[in-house]
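For reference, the structures are reproduced in the following blocks.
In the two assemblies presented below, chain A is common to both, partnered first by chain B and then by chain C.
This part shows the complex of A and B:
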């Protein structure tokens, strides 16, 4: 068995290098085809009819007029008479037609009689939730009552972070063709290996009946794993349309209403410390909603990162609302918990008259990785010029623009998922690496090629990476930041296994035993004797007509040091606030993240940039606005569901912790931890600038001015 | 989008023969930046769409004895980059710049800006112009953070027009033409707060087309200030356009008009009176801002807009005196 350990950092030739993403040009030029661009010959188009009420029962549904419209190929009823629908946007019927326009017209001809039922769509006021709030049961560590009685300094406050959506650039959907006993499936998915299995189960077909394809995805962020009701119904429409491919993508309004949200989190916090700044106790009564299913928040992680505080009491209630449901959202739980922890910690530091940085440093022993957090806090502080920029709360300078800095912390697991890879070495010297994985835009294709190239001693452009097809060796879904750790390990193993076969084929000719051969610089050579070598091409020619095809498997239960879990992360923000208008401008975010062995620092930094940008949007702008009177999402559009534009983002500087200590931990995911601390860092910076906490996000002019008004009142 | 008949006349006369006699029958298309989304969302379902972009006489910016004539189909971008506009009417240039999407500036027209429908999210979600449900408005107890702080209903939406406040401050007139005649209205008479959902946000009749805007010679220092959260593609939260007729270093008379705070652009005689006969200082500008919002009646969630409108007035005034006459 080859030695799968990665070569020492300093001898790596392709891994660890700042290589640009392999599909960058294809994406920038439009050559890359996303599945929402895929339109096989004969494709018909489908549209959804959704429920306009937050809670209703279908009394009757009449589809006759839709069926009679010329061009309609199939109509299917989801909301049959008697069906209870629990949120506005719930699917009622679906129609396919030769054009999207006809499908939409047909949907409007379906007559539904609803019995409208009472609803609850807003959760920020827990008292109003009544029986819709389900307490999760109290968790206690130590003796919080005693700790609060003895507290030298205490802070209490109420904080909130609203429901937001994923806002994938490419909406949810798929094209699907069900012909005979075969289904060809082009979904927008984070799970090319598994989504067909899910669809097959829903269609009561054997798993082998479904073949899934996807070259590119326009964002998923945790919301695109399953075949979804619209996928299953599109397949059934295809069958009912004589096997014609059916294209069904959600429009933007449906995307923002039913394609998943990040749960909110509201909390009443008490937090105590000794006068020297040592944290002694934490108490939180929190609540959240993730839609009808309640609030998917794991409050037991509180106080976030600083969880080893000796005394804590945790209460959490999940509020069921008549809203579209939650889905994993880039680091489920973590951004909310980071805010709900780091904001009160920052407020307590103020009460202690301590610099927040000193306070977070002082308590680092309550984290699971004190040395890492201390180093990251110090590094980020240097990058944001903390010592120069920090001031006690409230910028005392003249004028209406106030400047401030803030910090926050994050963590994530991110161990590699189960993954299989096949490496083929052909007699002409070409190399293919094949996995049923997907590149969410993170650079997965590129890092697979880097690992393969490193292992085979080849330049990166000698490797052809094939992903995005369920017929390839199975690899895990891209969720939980598990992809990089999984695919790098399986690729490492498959390529070294294949290389061993190649070495076997040439060992005799080179007159050296296997363990004396190595693949470097495009050659197979005797270790320490480059004169005794074959070019890669010449070596492969020795295979005659035989292609080497070897697999590699990464089993998370036996990671062999190739991947591990657990990362930190510290972000610091520098903002300017116009205290007359409440408008917050981003000056800078400094982000420090670690993720073990960094295969490509450029792509890693790029991931962090994306994570920070999402954090800026969530801190300042994003909220799904529910209307209690109508039960509807009022801003299911890109007009009042606000996201930052380029001019709103400010400067972002990223530092990846690349050190032998981190590197030896193996490859760890970064996609999710890179977004976690940004929100709380910005909120704390705004507080530092204006001298008062605006406790409920996002930090819109409305919320910032309300806080300023409270201060002056 | 409901199927519709499409007409692309090349003369105003032909266009006027194609428009309807009541709302809902025929819509006029220019840039389409609002019209198409209204149709896609089934807020408007016209039977016919009359594209007026091919009518040459509706385009162009020309200087006439009466002032500056701006054709209804002049794009926002054309207006923004016009040196003649910038020299005399910085209030208009700034309002154009506030439309922060280059795509919308390139497609959208000045006439369209005045005739566009409100962005009220109840209206856009199909609850009608007055957002009524079971006989009462959804707005006062609903989600009203972007709604009006003036007027007191029954219309609580805000006028979406970017140019309206500046045109009113500058004393502009709009020309409305029908098959039977032509009328000119002062810009402040063009905007109307409807009292029923079947009315529109302006005085245009269904059989009329807005053909041009005439802005009199400015002889004023003028400016527009917009408060927006985002730098990119965002609606203003409050705006103010001001025009100051100067006498020496003092203000002889002032027009101060707010935007995005009421169902129409909102003139503020209180601020105007306060400014007349005084020299502008930072203090006076702030006082004028406060006077401008003295009559505001905010709803449950939009009290912050009172402050924003006040600040917009202050900053527009200071900008106007900094700018060249």
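This part shows the complex of A and C:
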């Protein structure tokens, strides 16, 4: 068995290099075909009728006029008479037609009589949730009552972070063709290996009946794993349309209403410390909604990161609301928990009259990685010029523009998922690496090519990476920042296994035993004797007509040091707030993110930059607004569901410790941890700037001005 | 979907003005950047509305210098005509109402959201799409700069940014950093690629000024 360990950092030729993403030109030139761009011959278009009420029962549904419209190929009813629908946007019927315009016309011709039922769509006020709130059992560590009685300094407050959406730019959807006993499936998915299995189960077909394809995905962020009702219904429309491919993508309103959200989190917090700043107790009564199913938040992780505070009491209620359901959202739980923990900690530091940085440092022993967080806090403080910029609250100087800094912490796991890879070495010297994986925009294609090139001693452009097809060796879904660890390990093994076969084929000719041969710089050579060598091409010619095809498997239970889990992260923010308008401007974010073996620093930095920018959006702009009266999403569009633009993000500086010490941990995913601490860091910076907490996010002018008003009242 | 038939004699009476509509409705969503309408658009006399359709009509669009004949309903947007009738899928449908810029094309020299332009109204105009930036083996300097600075992740917004950057640099070949931030303000990205985009546009400006591949 080859030695799968990576060569020492300093000897790597392709891994660890700032190589541009291999599909960058295809993407930027518009040549990359996303599945929403795919339109096989004969494709018909589908449109969805959704429920306009937050809670209703279908009395009757009449689709005759839709069916009679010229150009309609099939109509299917989902909301049959008697069906209870539990959120506005729930699927009622679906129509396919020769053009999308006709499909939409047909949807408008469907007549539905609803019995409208009472609804609950807002959860900010727990008292109004009544029986819709389901308390989880209380969790107690130590003796919180005694600790609060004896507390030298205590803070209590209420905080909230609202429901936000994924707002993937490529909406959820697919094209699908069901002909006879075969289904060809082009979904927008984070799960090319598994989504067909899910569809097959829903269609009651054998898993082998479904073949899934996807070259590119336009954003997922945790919301695109399953085949979804619209996928299943599109397949049935295809069958009903004589096997024509059916293209059904959600429109933007549906995308922001039913395609997944991040759960909210609201909490009443009590937190106590000794006068010297040592944390002694935490108590939280929190609640959240993830839609009709309730929950979606694991409050047992509170206090976040600073988990080992000796005395804690945790209560949490999951509130069921008549809203579209939650899905995994980049680092599920963590950004909310980071805010709900780091904001009250920052407020307690203020009561202690301590610099927040000193307070977070002093209590680092309550985290699971004291040394990591200490080092990261100090590094980030340097990058943001904390000692120069931090000031006690309310001491922001004259004028109406107030400047402040804030910090927060995060953590994540990020170990590689199960993955299989096949490496083919052809007699002409060409190399293919094949996995049923997907590139979410993280650069998966590129890092696979880098690992393969490194392992085979070839330049990166000698490697052809094939992903995005369920017929290839199975690799995990892209969730939990597990992809890079999984695909790098399986690629490493498959390529080294294939190389070993090639070395066997040429060892005799080179007159050296196997373990004396190496693949470097496009050659197979005797170690330490480059004179005795064959070019890669000449070596492969020795295969005659035989292609080497070897697989590699990464099993997370036996990672062999190739991938590992567990990172810390610290972000610090520098903001300016106009106290006359309430507008917050980002000056700078300093992001210090833990890492392991970084295969491509350029792409890794992009992940962190993206995580920070998503945090800026969530801290300052994003919230799904529900209308209490109609029960509908008021901002299911991109004018009023706000995202940051290119001028809104300030400067962002990233630090990762790319060192031999970190490298030997193995590969660790970065996508999720990089977005966790930003929100709370910005919120704490705004508080530092204006001298008062605006406890409910996002920090829109309205929320900022309300906080300032409370202070002056 | 393309039709072999010649367009109806003369120019189709498609001159009821989308811009007039925008002006009347008080939204400048179809125009990038500040959302301000151009002076000449303000001065344009309001043409009388003409009835087109219902049903498909033959039209001709001049895209990247080449005429394309097709048959579509007058309500079809330029974006949907490009994507669903012509396989020009570089422009993406994201917000579908003039907010995000993923569908940006250049219409007679101006960056426009193609989701807010009717295909019939784009007749007689020079339509430039992202596909038009890729002639020859070498990528256009703007595309190369986006790759070099990793101004993309999932890539779904990227062609819109590239086209917006082209229109912006055509008008402002030597932009400052702050001008880039304002000039590309009509496009949204969800993955968070703005840092790379800013650097890419500045680098592309330098490359293009060098005249090596204008």
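The working rule: the second predicted complex is superposed on the first by the 712 of 713 C-alpha atoms of A that agree within 3 Å, B and C clash if a C-alpha of one lies under 4 Å from a C-alpha of the other, contacts with A are read in each partner's own complex, and residues count from 1 in each chain.
One rule holds for everything that comes next: a contact is a pair of C-beta atoms (placed from the backbone, for glycine too) under 8 Å apart; a residue touches a chain by one contact, two chains touch by 3 or more.
If you're wondering where the values come from, they're calculated on a predicted model, not measured in any experiment.
Engineer: For A:646, select first, second, both or neither according to whether it touches chain B, chain C, the two together, or no partner.
Structural biologist: both
Engineer: So, A:702: does it touch chain B (first), chain C (second), both, or neither?
Structural biologist: first
Engineer: For A:432, select first, second, both or neither according to whether it touches chain B, chain C, the two together, or no partner.
Structural biologist: neither
Engineer: Is A:300 in contact with chain B, with chain C, with both, or with neither (first, second, both, neither)?
Structural biologist: The answer is neither, since A:300 touches no partner chain.
Engineer: Applying the document's definition of touch, where does A:168 land relative to chain B and chain C: first, second, both, or neither?
Structural biologist: second
Engineer: Touch test for A:20: chain B only (first), chain C only (second), both, or neither?
Structural biologist: second
Engineer: Report for A:67: first if it touches chain B alone, second if chain C alone, otherwise both or neither.
Structural biologist: In the superposed model, A:67 contacts neither chain B nor chain C.
Engineer: A:385 contacts which: chain B (first), chain C (second), both, neither?
Structural biologist: neither
Engineer: Contact-wise, after the overlay, does A:124 reach chain B, chain C, both or neither (first, second, both, neither)?
Structural biologist: A:124 contacts neither chain B nor chain C.
Engineer: Who touches more of chain A, chain B or chain C?
Structural biologist: After superposing on chain A, more of chain A is contacted by C.
Engineer: Give me the intersection of chain A's contacts with chain B and its contacts with chain C, in residue numbers.
Structural biologist: Overlap of chain B and chain C footprints on chain A: residues 101, 637, 639, 644-647.
Engineer: Which chain B residues qualify as touching chain A in the complex?
Structural biologist: Its residues touching chain A are 1-3, 42, 100, 119, 121-122, 124-125, 127, 133, 138, 141-143, 145-146, 227-235, 237, 301-302, 304, 307-308, 311.
Engineer: Which of the residues in chain A come into contact with chain C in the complex?
Structural biologist: 20-21, 23-25, 27-34, 36-37, 39, 45, 99-101, 167-171, 216-219, 221, 251-252, 440-442, 602-603, 605-606, 609-614, 637-639, 643-647, 649, 652
Engineer: Taking the complex as given, what residues does chain C use to touch chain A?
Structural biologist: Per the touch definition, chain C meets chain A at residues 73, 75-76, 80, 83-84, 87-97, 99-100, 102, 129-131, 133-134, 139-140, 142-144, 146-148, 150-159, 162, 180-182, 184-185, 187-198.
Engineer: Tell me, which parts of chain A touch chain B in their complex?
Structural biologist: The touching residues are 101, 104-105, 108, 580-583, 620-621, 625-630, 632, 634-635, 637, 639-640, 642, 644-648, 700-702, 705-706.
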